[in-house]
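Shared chain: chain A. Partners: chain B in the first complex, chain C in the second.
Let's look at the complex of A and B:
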């Protein structure tokens, strides 16, 4: 059995000895994975990255790189490349010197070798013409590329990216995102990106760790996260427009169950639910806006009143009310429904997620935990 | 035709009226700036002119304006000790500037970089910075009085008492070491003043730059040399310029510590002016010496602006990311 590239075991970090920024975190990252640490600000994702690169020392738990215990290893001896949010280019050195900086710390390299490797990495990231400029003469996107070069020049085992695209404008973001992804695949790097932008995380990574309040809520591939969120936090965090949440009471009815909601009753097959349900219990139904089907009959459907319609170009978004709950329904562009009549919608049961209201856990049967 | 000519005339009339109104309006701001102009003219411009005129007289304490042409200036260049005085001044300027700038860089690197940033002992760093600030916060007269007391003669001076306590012979500090004492006390005082400036420059360095350098494998000393010190380039330039001009015109510390003695061995150019103008009351000669000093200062200032490329540093945006 080969060791994973990175293994975090019960990692915890406290700055003041009382409150924990990160607690009880377990994470396994295989070689070649591109993992996104995703979460709202202050959730502990940057702290986790800082512990991975060695600038912070974990208060508890252990970190292994390739099976080697690295808690006490200094950042420079971990063979990592890091791109900071602000790029952290050295303002008094030109681009060449910036990229050569990590190589100069390795005592055995000759000047020619350094020049060759800087040249190579600059070609890879497509900035060979910038080598003689000063950082202050570069645009944001160029600074970002220089920071990438500096992170890659040492041929690191692990590439760490701390919100590398948050200072770029929207179009440049897409461009750089593609390039980072291509580079990571071509160089077969193990990469970890910290971001609060879920779209970025979904697009770029092979696995996403959704973090909230210092611990991992779910660690899975982007599609799993999207279709089968493990709990209410993940469900509400992932997806734009967000998932609809409908509170109801689940009750046994014959072989199956029925969910009683303010907008109508819905029959739910027993095969869909993972736990033994003997008495009724409060649940939250989670349905993505495009998993509704508008129907004529009110049988097994929810009745909504339409507030207004947003025309999104490729589809229509109906902003609806169901009792106190606001619901978004996305329909095909050619389907038009009047706003002054109630709308009847059925739920695509394959895409339905059912959460226990008390614990917030997903109780749908094929949840990958 | 007549009508249009009439109109034109009318227009011209209103135009001149408008112009007058505009001129009146433009006068108003200058009126408001009078409180600035009056003191500048009375206390800066007029004295400069008076001094220039005075330098061509042999005015003494009788305050008579008796013009003697360029005699005073001839006297400056004819004074036999002038070369010694200028050499001594150069020693004080170069010595104090070097000692104070290097000294304050050393203190700031230890207190702000190593204690605050590397070892995260912020309170210790702050404590040492405050201690180092004391010489600058103390009024010059008090500071120099303390030095006089410390290096006083046998039986009085603190240092001599301490030497006696460990069985060493007393030293005549102000007889044999007066120039060294001047250098030490003056550079200590001005080093102390640079510390806030340098320290805040180090603190402006974004944390991520230091972190990035650590990840890239640089050691603490390497980071200090290649990342931190370059950030101090501008404050160091500024402090050096300031210190050179300041030490050139400094006389109060000399007056307080050595009084130019012993035997005139600590008389600098500025102190020589002070002696002539305020001790011997040869105002005309003092004025001529002062005019010459101003000329030297201006020349030095211009040379330094060139050497340090101050205009370049001011123009090029110092990137802060």
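Let's look at the complex of A and C:
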């Protein structure tokens, strides 16, 4: 069996010896994967990246690159390239010198070889005309590209990206995101990106590790995270507009179950639930805004009062209220409903996620993914 | 971004100039008069004799002896001038050589007693140096450095270091960690990173320390006057000797004194002229904060 490119085993990092920024983290990344470490600020994602690049040493656990134990290996010997959030270009050197800097640290390269490789990587990232500029003369997007060049010039096995697009404007972000993805595929790089932007993570990566409070909440492909979040944290973190959460009580009813909520009762087939339910239990129903269907009858439907409508262009978003809970319902652009009458909506059961209220875990069967 | 920069740095055309600037200039001139008038007096009297006629004779102190009292002469200013220069240069060089690594260590490394050291720096910086004069005398005699300029340089540097280290630490604190980390990931050692990345990024700060310590050395009078006998150890004591008459009277004609003072401030003006560009340079690196 071949070793994965990166393996983290029970990694923990504590700065003060008492509290842990990261704890008990296991992660396996195969060659060619593009993994996003996604989470709110302060969740430990940057700390994890710092341990991967070797600037921080883990307090506990082991890191393996290609089966090699690298906990004590210096950053320069890990064969990695890194792009920093601030780009971290050396202000006293021009673009060429910036890109050449990592090569100059390798003693055996001739000047000619260095020049050739800088030219090559500058062509790959499409900035050959910038080589003689100073970093202060570059726009944000250009600085970002130079930082990419510097990370790639040593031909690394692993590319680490620390919020590489957070300083760019929205349009440029899309463009650079595209280019990073293409480069990663073309060069068959194993890449890890730290981001708090879920849209960016969903778009760019093959796998996402959602991190909260120093541990991985779920590690899966983007569509799995979206459709079958493992717990309430992931469910609430992924998706804009966010998933609706409706609290209710699940009770056995014949073969199936019924969920009693403030807005009505919903029949839930037994096949949907992944555990043995003998007595009633408090649950949270998670439904994405576009997984509702507006119906005439009140049967097996939720009754909502409409607050107002947001016209989003390609669809309409109804901001509704159900008892104390606010609910977002997205409908097709040609569906219009009055705001002064209650709205009856049915839930698309295939897309429904049911969470145990106590533990927050998803108890839905993975029948549909 | 580059466009706006060119605009800002480009020469201002006359019609771009804000309307009514002369009013502000007037106000500034009035307040500056307090400083400008003495300088004007200094410069003009350096070229006038006692009768008010224009002359260059005041400047003979540079190459000839100057009589203070009967039988007491100041030597030509060349020797004190050289001493002043070496005093200031040695002082500036020592201060920068010690300050830069020390401030880097305080700013960027973790070691036992770092916080205590930082606190002590502030306390030491606040000490008036006059309070330490007696202990300085003992110290210098123990080190056999009494009446030697190098001993005074030693004291000056020691007194100057706490403030300059503290100031330099502030400059290092403002350099982003990212470029240091990037350099280490790129394969440079910590020391090489310090030399090739951090020191260039801190250049404006280092210039401030260099220029200020040079000027402080150039202008030093009290310690030299106290610890060095004779009248011509440095330019400051040379000028001091000219003013050292009884009842506060000068021992030389005012024109000569003015010429000597004017001569004394020329290096200061040159230093600022040369370094102002670096001193005014705000950190404008490629890293966004």
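The rule we apply is simple: the second predicted complex is superposed on the first by the 366 of 369 C-alpha atoms of A that agree within 3 Å, B and C clash if a C-alpha of one lies under 4 Å from a C-alpha of the other, contacts with A are read in each partner's own complex, and residues count from 1 in each chain.
In this section, a residue touches a chain if its C-beta (ideal position, glycine included) is under 8 Å from a C-beta of that chain, and two chains touch if they have at least 3 such contacts.
Quantities reported herein were computed from a predicted structural model and do not represent experimental measurements.
When the two complexes are overlaid on chain A, chain B and chain C occupy overlapping space and clash.
In the superposed model, A:101 makes contact with both chain B and chain C. Once the two complexes are overlaid on the shared chain, A:82 sits against chain B and chain C alike. Judged by the touch definition given at the top, the superposed model places A:139 against chain C, while chain B stays out of reach.
In the superposition on chain A, contact is made by A:150 with both chain B and chain C. When the two complexes are overlaid on their common chain A, residue A:296 makes contact with neither chain B nor chain C. Common to the chain B-facing and chain C-facing surfaces of chain A are residues 53-55, 75-76, 80-82, 84-92, 101-102, 105-106, 134-136, 143, 150, 154.
Residue ranges on chain A touching chain B, taken from their complex, read 53-55, 74-76, 80-82, 84-93, 101-102, 105-106, 134-136, 143, 150, 154. The part of chain C that touches chain A in the complex is made up of residues 1-2, 176, 178-179, 181-188, 192, 196-197, 200-201, 203, 283-289. Looking at the complex, you find that chain A touches chain C at residues 53-55, 75-76, 80-82, 84-92, 98, 101-102, 105-106, 134-140, 143, 146, 150, 154, 167.
Those residues of chain B that touch chain A in the complex are listed here as 206, 208-209, 211-219, 222, 226-227, 230-231, 233, 316-321.
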